[in-house]
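Before I ask anything, let me first share the structure, which is written out below as structure tokens.
Labels run A, B, C and D following the written order; every chain starts at residue 1.
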Amino acid sequence: MAARDRPVLRIGMVGYAFMGVAHSQGWRNSRSFFDPPILPELVAVCGRDTAKARELARRFDWRDVESDWRDLVAREDIDVIDICSPGDTHAEIAIAALDAGKHVLCEKPLANSVAEAEAMTEAAERAGARGVHAVVGFTYRRVPAVALAAKWTREGRVGQIRHVRAQYLQDWLTDADTPLSWRLQRERAGSGALGDIGAHIVDMVQHVTGETITGVSALMETFVRERPVAVGGGLGEVTVDDAAVFLGRLSGGAVATFEATRFATGRKNAIRVEINGTAGSIAFDFEDMNVLWFHDNTADAADAGFRRVLVTEPVHPYLEGWWPPGHGLGYEHAFTHQAVDLLDALAHHRQPTPSFAEGLGVQRVLHAVESSAADDSRWTPILRTRTGAR
Amino acid sequence: MAARDRPVLRIGMVGYAFMGVAHSQGWRNSRSFFDPPILPELVAVCGRDTAKARELARRFDWRDVESDWRDLVAREDIDVIDICSPGDTHAEIAIAALDAGKHVLCEKPLANSVAEAEAMTEAAERAGARGVHAVVGFTYRRVPAVALAAKWTREGRVGQIRHVRAQYLQDWLTDADTPLSWRLQRERAGSGALGDIGAHIVDMVQHVTGETITGVSALMETFVRERPVAVGGGLGEVTVDDAAVFLGRLSGGAVATFEATRFATGRKNAIRVEINGTAGSIAFDFEDMNVLWFHDNTADAADAGFRRVLVTEPVHPYLEGWWPPGHGLGYEHAFTHQAVDLLDALAHHRQPTPSFAEGLGVQRVLHAVESSAADDSRWTPILRTRTGAR
Amino acid sequence: MAARDRPVLRIGMVGYAFMGVAHSQGWRNSRSFFDPPILPELVAVCGRDTAKARELARRFDWRDVESDWRDLVAREDIDVIDICSPGDTHAEIAIAALDAGKHVLCEKPLANSVAEAEAMTEAAERAGARGVHAVVGFTYRRVPAVALAAKWTREGRVGQIRHVRAQYLQDWLTDADTPLSWRLQRERAGSGALGDIGAHIVDMVQHVTGETITGVSALMETFVRERPVAVGGGLGEVTVDDAAVFLGRLSGGAVATFEATRFATGRKNAIRVEINGTAGSIAFDFEDMNVLWFHDNTADAADAGFRRVLVTEPVHPYLEGWWPPGHGLGYEHAFTHQAVDLLDALAHHRQPTPSFAEGLGVQRVLHAVESSAADDSRWTPILRTRTGAR
Amino acid sequence: MAARDRPVLRIGMVGYAFMGVAHSQGWRNSRSFFDPPILPELVAVCGRDTAKARELARRFDWRDVESDWRDLVAREDIDVIDICSPGDTHAEIAIAALDAGKHVLCEKPLANSVAEAEAMTEAAERAGARGVHAVVGFTYRRVPAVALAAKWTREGRVGQIRHVRAQYLQDWLTDADTPLSWRLQRERAGSGALGDIGAHIVDMVQHVTGETITGVSALMETFVRERPVAVGGGLGEVTVDDAAVFLGRLSGGAVATFEATRFATGRKNAIRVEINGTAGSIAFDFEDMNVLWFHDNTADAADAGFRRVLVTEPVHPYLEGWWPPGHGLGYEHAFTHQAVDLLDALAHHRQPTPSFAEGLGVQRVLHAVESSAADDSRWTPILRTRTGAR
């Protein structure tokens, strides 16, 4: 089918900040660098601050601007609602959109509580029965090296998994004079490092291993309990965690360690996952994002070693759309891959991944981490049934 | 000035392949991620294969398609001609465009010969006198880590330069069964590894050091002299170099080694430059493009060491337009930076860099390399005057 | 004082295996590469298998061989008993030697239980009052890069510590067909990965930070519960841990993660410690043992980065005895440094470090790890008082 | 044969400085860590400064001290003369020793001129006919990772070699105030960086590839031409090269670049060799000496990558004598391997390697480098015949 005759997917996006920019670029690039069976159409961006929404619209050629997400959801010329607003708004918008028959792409974390995530998942399942789909934006899955890791793990190249060590290390709160912001307040952000960045490594580990985390033992800490208030002066209380560390087990028997922190001085966005199995090991660090390290344990001892695979070959996941070997990708490319995958799934009437149910699974792990940390680090199993948790 | 009232720069681009895509993305991103004083307008893309040109136009929203570059140059609604076609077409198009009063952005290498490059430089200087500017696309200068290296070198952090080692290593010709292509034929490509990738490291070294190469001693080699012909079968002759290595001196007295090859098995796009000076050292490898290594020789011996600077801070060159620290950039981002710099220079009626004269300087080094290699590797000074060289 | 007139320290060593070789080399090198105020004299090596003891004596010029450690301790021509035999023998030998007025160097772990370690510490303190000293062999402290890390931390270059992540990763048990050995049996080895290698990172963290671990939450696992019996055939039970992971807190408030395993496929002897503080970060990996990574958080953001300090300068700890810069050391050099430090402390009538009390402190952490792992990972404080704990 | 009944090799060593220490340790360790068929006996060390020679003898248990090498050579109780004195003494001592029927181990470079090296080679060949052997100390060949590289290259794992890039980078002369020493004076040292460190990479490349260098084009430089004189004050002339860079060809057709310098700020002892071939690539850096990087070009593109082989497995060259996997070796271990190999060759009446003829081959390359540098970098073939060169 010639490109000009292809069906389109009409997009309405809520939010215009960091994620709004990344999603805009993802949608736009999807038709420039790939060949999706449905073409995205950037219909409207919605934000309470319409000046900012309008500025984003100008930069990325969104046709319209809306100021109330309800109006966006009500529009008949929109097929998908792309939710890039803060976490405390996710549940309401997503459920309304799904009930209105719109597909939903919702940024992570799915919600600020398990209860909200459950309600969203129920809405998604109701909608799914009508062919309306919901997907959560764990975008790091679509970094080529991470996608390759998941592929190789599924192909058995790691064998039975024994160990996982996962870290998400940032350092932007190291300085005690960094002012208070909404991200450091529980009522807005839900949690701190745990929900913001810990969620990513929980999803990445479950995705790459193909296993689920069955229980955790956790410790959370707020190192700097009061910070300067930007407006008005004085000190305000930090009500979320600065760091969360936890031990876990995977469904296949592996032992895992997790660490999410904003106090790892000198580490800027170090998402690191290493997996050791009977057949091999895999290691990844987002600070060198085009590389996947692989150790083949079936090789002779004399030959074995961690191999630095530059994940830029045309045969690597998502690379067919980009540049020749050795010409690396950057952070935002994964948003293009997310758009392409979503367009492809919807074109074929498939449920895109990760589903809201997967997002709920991550939420349950985060909840168990908080429960364990509040209860003397006691081992806390992850419940998989949906029975009015909390 | 509000964005909607800003002047525009109307662009006509020749070429639709690898570089056509990269330039399209660069122009488009320039107004999405940065705030240039002039906004680019993608007016027309030109290519002999109009189906391919049309496809690129569709993907990147070029308004029109032209099939003859002369028609493009003749259009009154175009301000700049962006030349992304093969090297043997550069001189004719660039000179015509400049003479027609269009600014020119010309991909590297400037030309296939010093004579052509000289003619282009003369045209550029004539045009410059009328406020019409020409710039050559040594885009790697605008990789943030490379830009930072140049900044630090100029600030004296390396001190007097003693050594440079520069390599551009690829491996796509390692296999003797890789078929013949126009890139391996002298009449089309001008030269092989030397002009295609050696040109980049010559420019990068001159740019980062702020010095010029004053002479060379060179060796060139074609390892595989016949390759399968894709169409028709049989073997065809490879008439360009597979690899070029040379020694050089810089104007400040440093000793340099250069290597450009398509036979460095396992190295995909390894552009490596290391500079050792009395005050410090700098090292870069494009396979880890967001990193600049710096050794501060003024530190105590106990403390000193090569420092891995992740060039993703807002204070680093070009980073203010992108993502938070630790969220790396990819290959094509430098094309956005090139567009932004060009828009900025033209808005302020400044000559953008690198000028055609700089491109000619690179061409002269390449020519001296070929001369030396053909003359028993004898030391060959780089002539700086323009007197009918060759 | 001329070397030939220097006093000597007459050494009797128990054990002839891996550690016996390493200690022999350490003693011998101490007077070849350094200039200790007391010279070591290799008087007698003791082992039940006298053929093996004799072979070691031949290779390293030990003058005599003994078959019973009691005879060794009884000799009047011996000043120090160097205990390199398995952990279940440490307490008896060390206490007897100290009571007999011999200095003691005891390999780690100090003992197989807290009670034994307490008795040893009491014996050491009794002996210390008489000028007879005991020291435990946490040799990795004397790897130059680790010693430098400890120095810099004490000098405040890391500031207030927020995070520690410590791993000791080996993989020699990955294969389920690796046969059972005494190291995998609780009655002989005390514990598995925890005591054998976990002890090292517990000591290293406490030593480098200058803080103590105040509590832990732990998980232990035996992945392969039965292994082939080398002699006689069939399967035998593995009664120790294959892996131990735990969370901890340091006395200064930092949050720490620890992992000790023999199942980290592809990691051979990866002792890794990273420390993040308000002023900087330090990172070490024994697989690249001559390197210390340091991030100076007081530098400008544009300049900051982890610095690869090659710890081979004459000004670095222990390096004055060895080679020019860049000529790295190997594993066993730390045993030479241990010998030198011990000779120096005894010459100056100082208590050498680490004392048995420090060894006991490590033992208490290991004990708490086991307790927590056996009690649902519950948070377990480290007791510092000596009250017949077990 | 029981060790106590083994024949011995009685050693007389000339020199007591850096190399004297390294050789002493090598001889001593050879019988402690390996099981050579002949045992070394440290009979006498010889030096004009007998106090220093005596001090070395004390530290390493050399039995006697001599002050005149002629006396050493005349002793009947010595089987091998180990020459660790400066290069300008090599020829005279080695020839006398060989003529006196002593085996000779001579430190590199073999001599200060091709003529001397030729005379030595002739003496060695005369002696060889009588079963008396000479060997030159290119010790880096015996670093396990380098030995593994040579093994793999010979086994065809690199295939046909296309590229070699070899560097020996130091920085101890970067500071212009570093005083003049004999190493910077031509009459004593022969040459500067070229002979001192360039010799090592020439030998390493020829050894690892199994090919010879057939010609060179070179540039040499003395950056700092006058330096402070330590005694007496004032400035003295530097009469050797600070740096030597050259292009070369190998006998199999590969193109090579070489760089030897003492001005590579921040590089302490970076001996780097990378070899790219049709089947694979190998890379080594002495600053991480226990690692060999290998790229297998026969693997699928999706899987391929440079593999970090930690060369510490018992199956790796020389590792059977040392520690468990992951317990790295240091600089001086290669001297032990040299001793072991020499003991083994002599026990089996084999010519040890590298022979003086190989040392002469290196000398000829160095000579050609100097000739080319003095003649406008002109291509200079390496002559292999011995006909009164110079």
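To be clear about the criterion, a residue touches a chain if its C-beta (ideal position, glycine included) is under 8 Å from a C-beta of that chain, and two chains touch if they have at least 3 such contacts.
None of these values were measured; they are calculated from a predicted model.
Chains that touch both subunit B and subunit C are the following: A, D. Shared contact partners of subunit A and subunit B comprise C, D. Taking each chain's centre as the mean of its CA atoms, A is the chain most distant from subunit D.
Chain centres here are Cα means. That of subunit C falls 36 Å from that of subunit D. Inter-chain centre distance (subunit A to subunit C, centres taken as mean C-alpha positions): 42 Å. Taking each chain's centre as the mean of its C-alpha atoms, subunit A lies 55 Å from subunit D. Each of the following residues of subunit D touches two or more other chains: 267, 304-306, 310, 325. Listed in rising order, the residues of subunit D touching subunit C in the complex are 3-4, 18, 21-22, 24-25, 28-29, 31-33, 55, 58-61, 170, 172, 267-270, 286-291, 310, 312, 322-333. Listed in rising order, the residues of subunit B touching subunit D in the complex are 162-163, 165, 167, 171, 174-176, 217-219, 221, 223, 243, 245-247, 249, 253, 255, 257, 259, 261, 263-267, 276-281, 295, 297, 304-306, 372, 376-379.
Interface residues of subunit D facing subunit A in the complex, by the touch rule stated above, are 148, 294, 300-310, 313-316, 325.
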